[in-house]
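Letters A, B, C and D mark the chains as written, and numbering starts fresh at 1 in each.
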Amino acid sequence: MCTAISYLSHDHYFGRNLDLGYGYKETVTITPRRYPFRFRRMQTLSEHYAMIGMATVMDGYPLYYEATNEHGLSMAGLNFPHSARYLSEKIGWDNIASFELIGWVLGQCADTLQARALLEKVRLIDIPFRGDLPPAPLHWMLCDARSSLVAEPAADGLKLYDDPAGVLTNEPPFPYHLYRLADHSHLSSAEAEDGAAYCVGMPAIGLPGDFSSPSRFVRAAFVKSNSVSSGPGAGDVRQFFHILSSVAMPRGSVRLAGGEYDITRYSCCCDTRRGIYYYTTYDNSQIIGVDMGREDLDRDALITYPLMDAPQITIQN
Amino acid sequence: MCTAISYLSHDHYFGRNLDLGYGYKETVTITPRRYPFRFRRMQTLSEHYAMIGMATVMDGYPLYYEATNEHGLSMAGLNFPHSARYLSEKIGWDNIASFELIGWVLGQCADTLQARALLEKVRLIDIPFRGDLPPAPLHWMLCDARSSLVAEPAADGLKLYDDPAGVLTNEPPFPYHLYRLADHSHLSSAEAEDGAAYCVGMPAIGLPGDFSSPSRFVRAAFVKSNSVSSGPGAGDVRQFFHILSSVAMPRGSVRLAGGEYDITRYSCCCDTRRGIYYYTTYDNSQIIGVDMGREDLDRDALITYPLMDAPQITIQN
Amino acid sequence: MCTAISYLSHDHYFGRNLDLGYGYKETVTITPRRYPFRFRRMQTLSEHYAMIGMATVMDGYPLYYEATNEHGLSMAGLNFPHSARYLSEKIGWDNIASFELIGWVLGQCADTLQARALLEKVRLIDIPFRGDLPPAPLHWMLCDARSSLVAEPAADGLKLYDDPAGVLTNEPPFPYHLYRLADHSHLSSAEAEDGAAYCVGMPAIGLPGDFSSPSRFVRAAFVKSNSVSSGPGAGDVRQFFHILSSVAMPRGSVRLAGGEYDITRYSCCCDTRRGIYYYTTYDNSQIIGVDMGREDLDRDALITYPLMDAPQITIQN
Amino acid sequence: MCTAISYLSHDHYFGRNLDLGYGYKETVTITPRRYPFRFRRMQTLSEHYAMIGMATVMDGYPLYYEATNEHGLSMAGLNFPHSARYLSEKIGWDNIASFELIGWVLGQCADTLQARALLEKVRLIDIPFRGDLPPAPLHWMLCDARSSLVAEPAADGLKLYDDPAGVLTNEPPFPYHLYRLADHSHLSSAEAEDGAAYCVGMPAIGLPGDFSSPSRFVRAAFVKSNSVSSGPGAGDVRQFFHILSSVAMPRGSVRLAGGEYDITRYSCCCDTRRGIYYYTTYDNSQIIGVDMGREDLDRDALITYPLMDAPQITIQN
């Protein structure tokens, strides 16, 4: 389970918590402009926008969890196990496999308007990346600095929703989350005005704190919409991670049937204007950045950086 | 406002979030055994247990926020603005000012049993540290690896409570929080057994997520009691900070009357057996440690380390 | 706003709270079999099933709020102001105005299976009963002793949903309510097993108690699904009204923009097998019954009984 | 478990829900002025104020659940099983058994001021009414038209609290409930002002709806403080029962360990100025009144009226 956020402060930032019980050797992966982006049923994109994000690279192909391209358009796939429906392919549509969608969109679109137009032609088809890898049931959040969009694969095609909250978590389908958010619109970050208050924060009592998907949605939206950054750059980045921390999963709080635990394996924050991808991991709270601007983006080969996941503790004395 | 936690994993850890609108030039402060600990109405402790913790050092005196002594006994003061009552001094009691209490207890007691016995003789008196510094209204949590204790200054003296949750936040008086915790005892971190569940985490729906003191208490207790560490040492320390993050205050979520914001200025975690004090700050997520064992604890002068508060970001490429 | 309930105890019962700021001279109205049921775009039903329910009779036409027919099929219209969409008429469909729907269905169907088949052909059209009476935005619950159904008029036609909860309130569209119900499936009416409980009822803490539509849905479903009747007949009827009372609106709890209040103007319970319609009103708690079996159901004229709304208090001494 | 309420509308009303798994042959009982009120350790009151309320009369003695005296002072005992402590008798105090307290206070006091003064001298002693009837663990609510008071028997004596909410339920001790009420002081009965609302009642989302004692306290206080009566007399009385209904226990919602259910056996509402005691029962929703003014209050014998508990349904046709 996951939480993705679009945050407009002094600059625009996009990122997410990846909450899972296990990892897939994911790496920070830059796809330069001339990497030949292949698609099972569509023409290869031999030139396209460069992008940076987290991906499992398999057989030389970047299976992105989320990414931002050189124009700042960002996109993340999040778990959607009960409701996602992939279809059989059909002529007249852009037949795209779920694992191809981020590359297909970020490779060609510079903003959410273009992305929406492209997505309206997409048919998400039921093809696995490999025989041993069934398609992950996903929905997607896209954003640029101006707006956010959610795309959900339903039985009658890909549904597109405006996302005024700039947040996405998991089930149920997106409209539910906006209603849940409305349910909490009377909550406030302000100090109580009446004399009954005995501590700070009381006008937000009722804000959910469990780790279910709707509760993370509401909590993330509340913390984000009230968020105040200490300043541009590092201040914004740190603030972004504070927002993500408020909906992160500590090991033990979400126990799965098999005795495993969902934890926030990594949190990331992309400075979408500068193309710098920051991350922390469950074991390493140190913020690490990978700067797309430091790479030759006209190459044709993927560039990957393994996660710096080892605990880093500095002893001051 | 604050949250303090006692956490027994592979070792015992104690720490807290300090949630305030502003700082007081606090430093990690080690008080060695021969520092002459002076008290306004009691005899100076010319020899005592060494301790490490966060303090504002003023006029050469350590005003501790929380500390751990060389036997692992730990103690933190937390804001208690509506209910704290300090009294006039009285013969037959150990007349102690609120700002002296942590030094008085940690200087002389090796565990909570000794601390309870000492506290039963204490009368908290209404003396300011300086004319321009009125006594902060506080209550205290104490713990060793086996048990936790809460001390609250009421109009009829210092109330002592067992704290089976090993958590303390702020108002109202402590018994309220245990009742609130009982209100949530049917919530679970386990996966839902019935078919109605559409996402993970649903059996904990109802867990509060706002930043009021009772809600932080319940959330911290839930996350802590379900916590699973990845291993001893760094694993435990990182897990401790994950627990604290789940009740941390991002800037903006708690707005004060004057337009300020309560934020989690620092989070700390003391390995009480080894005497290593770890901390992070709002602006710096990197874990910093100060190891009491690296100092000469037989000195008579305070040892202080300023907070490493500057944002630290490592660029990986 | 309203709450409708299907309750299977020793017999099957159907009823609802009608929550409004004002009344429309509603009467308990029996439509006998030969009342010529006219429809704006469809053939008149000159013979049909008899039905009993609450209606405003206007220009000789029964505008039913809810009713039960002689086979026990029941149907209620509930407020659905944000989402209801009525369409322009279209050839090939049964073009029915919203105010005609209850008569159309209950006049011809004996159970929910037949009703579903009939509703699949229905197109709800945007015709007012009179120029000064714009169509009320509604959705409908239907039930027999075996199952419940919800029908919602959307922009792309009438949506039909199974309603396993046997409850309907108002906005948002029906699927939301089932998700909300799932959110509370870990709550229980049983006594707490652990020692932390300090009073009865604690394992249901988290059950909502406000008067919004989703909260009434969840509360009604909880109370109904745990309901235990004292016995058949009067015991069941009284139990039904107890369930409805748990989601009734006391005057003052829901203030409208104009200074009015939504209140539960009447509550009703139809013994669907015997065709007895029971009701109470806001001002009169005495249960009044109207028995369809006592009327000549082969007549062609409506039979109406005004609400006995005056407070009835018996002085015992 | 129970809920007691003081309600000031056009007149002052006091009443309660009695929520229990079983009954004790309770009757509406009038104690006239010359009934010799005997006390185990105190002088008999041979003349005293008359009172009316619900009582089990045993061995000729009225064991009141709640009552109102001829001056309008009212008092109810409510279950307090975890916290009530009765003491051994002690010279210098008014040693009163718990089952005597209502008679002792209502027999002698005309308002809450006098009651408070009397209660300050009371020591509640641990004497059963009969060997086979251990003292019920109770706390009490008292009120007149101006103010309410709560009395709780603790280990160090009877605690008296002002009760600004005019509500009492059960555990935990009273101060908890006022804090819980403050936790909900940002909830409102008004219509939402922002555009996010999709139904009425949303600004009260967060109001608890389960049947635990603190949740009934908060819900009753919310409904009562927002209550708007339709008019004096019958309007007020009916409104009072609507308030009580909002916290009543339908059979099945609260299951006890032995397989029994707590239900609202009776609800009552005393017009404290006129001395008319109204009630309904679980099985009979008809409001029944017993008017103290119709009796000869100078008698010396108890006057009792059995509960009219049989279901009353009027068939209108």
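The rule is short, and it goes like this: contacts are C-beta pairs under 8 Å (C-beta built on N, C-alpha and C of every residue); 3 or more make two chains touch, one makes a residue touch a chain.
Being a predicted model, the structure only gives us computed values, none of them experimental.
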item: Most widely separated chain from subunit D, with each centre as the mean of CA atoms; value: A
item: Selected pair, greater C-beta contact count between A-C and A-D; value: A-D
item: Rounded Å distance, subunit A centre to subunit B centre (Cα mean); value: 35
item: Rounded Å distance between subunit A and subunit D, as computed from the means of their C-alpha atoms; value: 55
item: Where subunit A and subunit C are represented by their mean Cα positions, the distance between them in whole Å; value: 43
item: For subunit A, residues that touch 2 or more chains besides their own; value: 172, 179, 183, 187, 198, 202, 205-206, 212, 214
item: Interfacial residue positions of subunit D with respect to subunit A in the complex; value: 179, 181-188, 192, 194, 196-198, 202-203, 205-206
item: Parts of subunit C lying in touch with subunit D, wherever the complex brings them together; value: 1, 28, 82, 170-172, 187, 189-191, 198-202, 204-215, 218-219, 222-223, 226-230, 234-235, 237-239, 241-243, 245-246, 248, 250-257, 261-262, 278, 280, 282-291, 294-295, 305, 308, 311-317
item: Interface residues, subunit B side, partner subunit D - complex; value: 172, 175-176, 179, 183, 212, 214
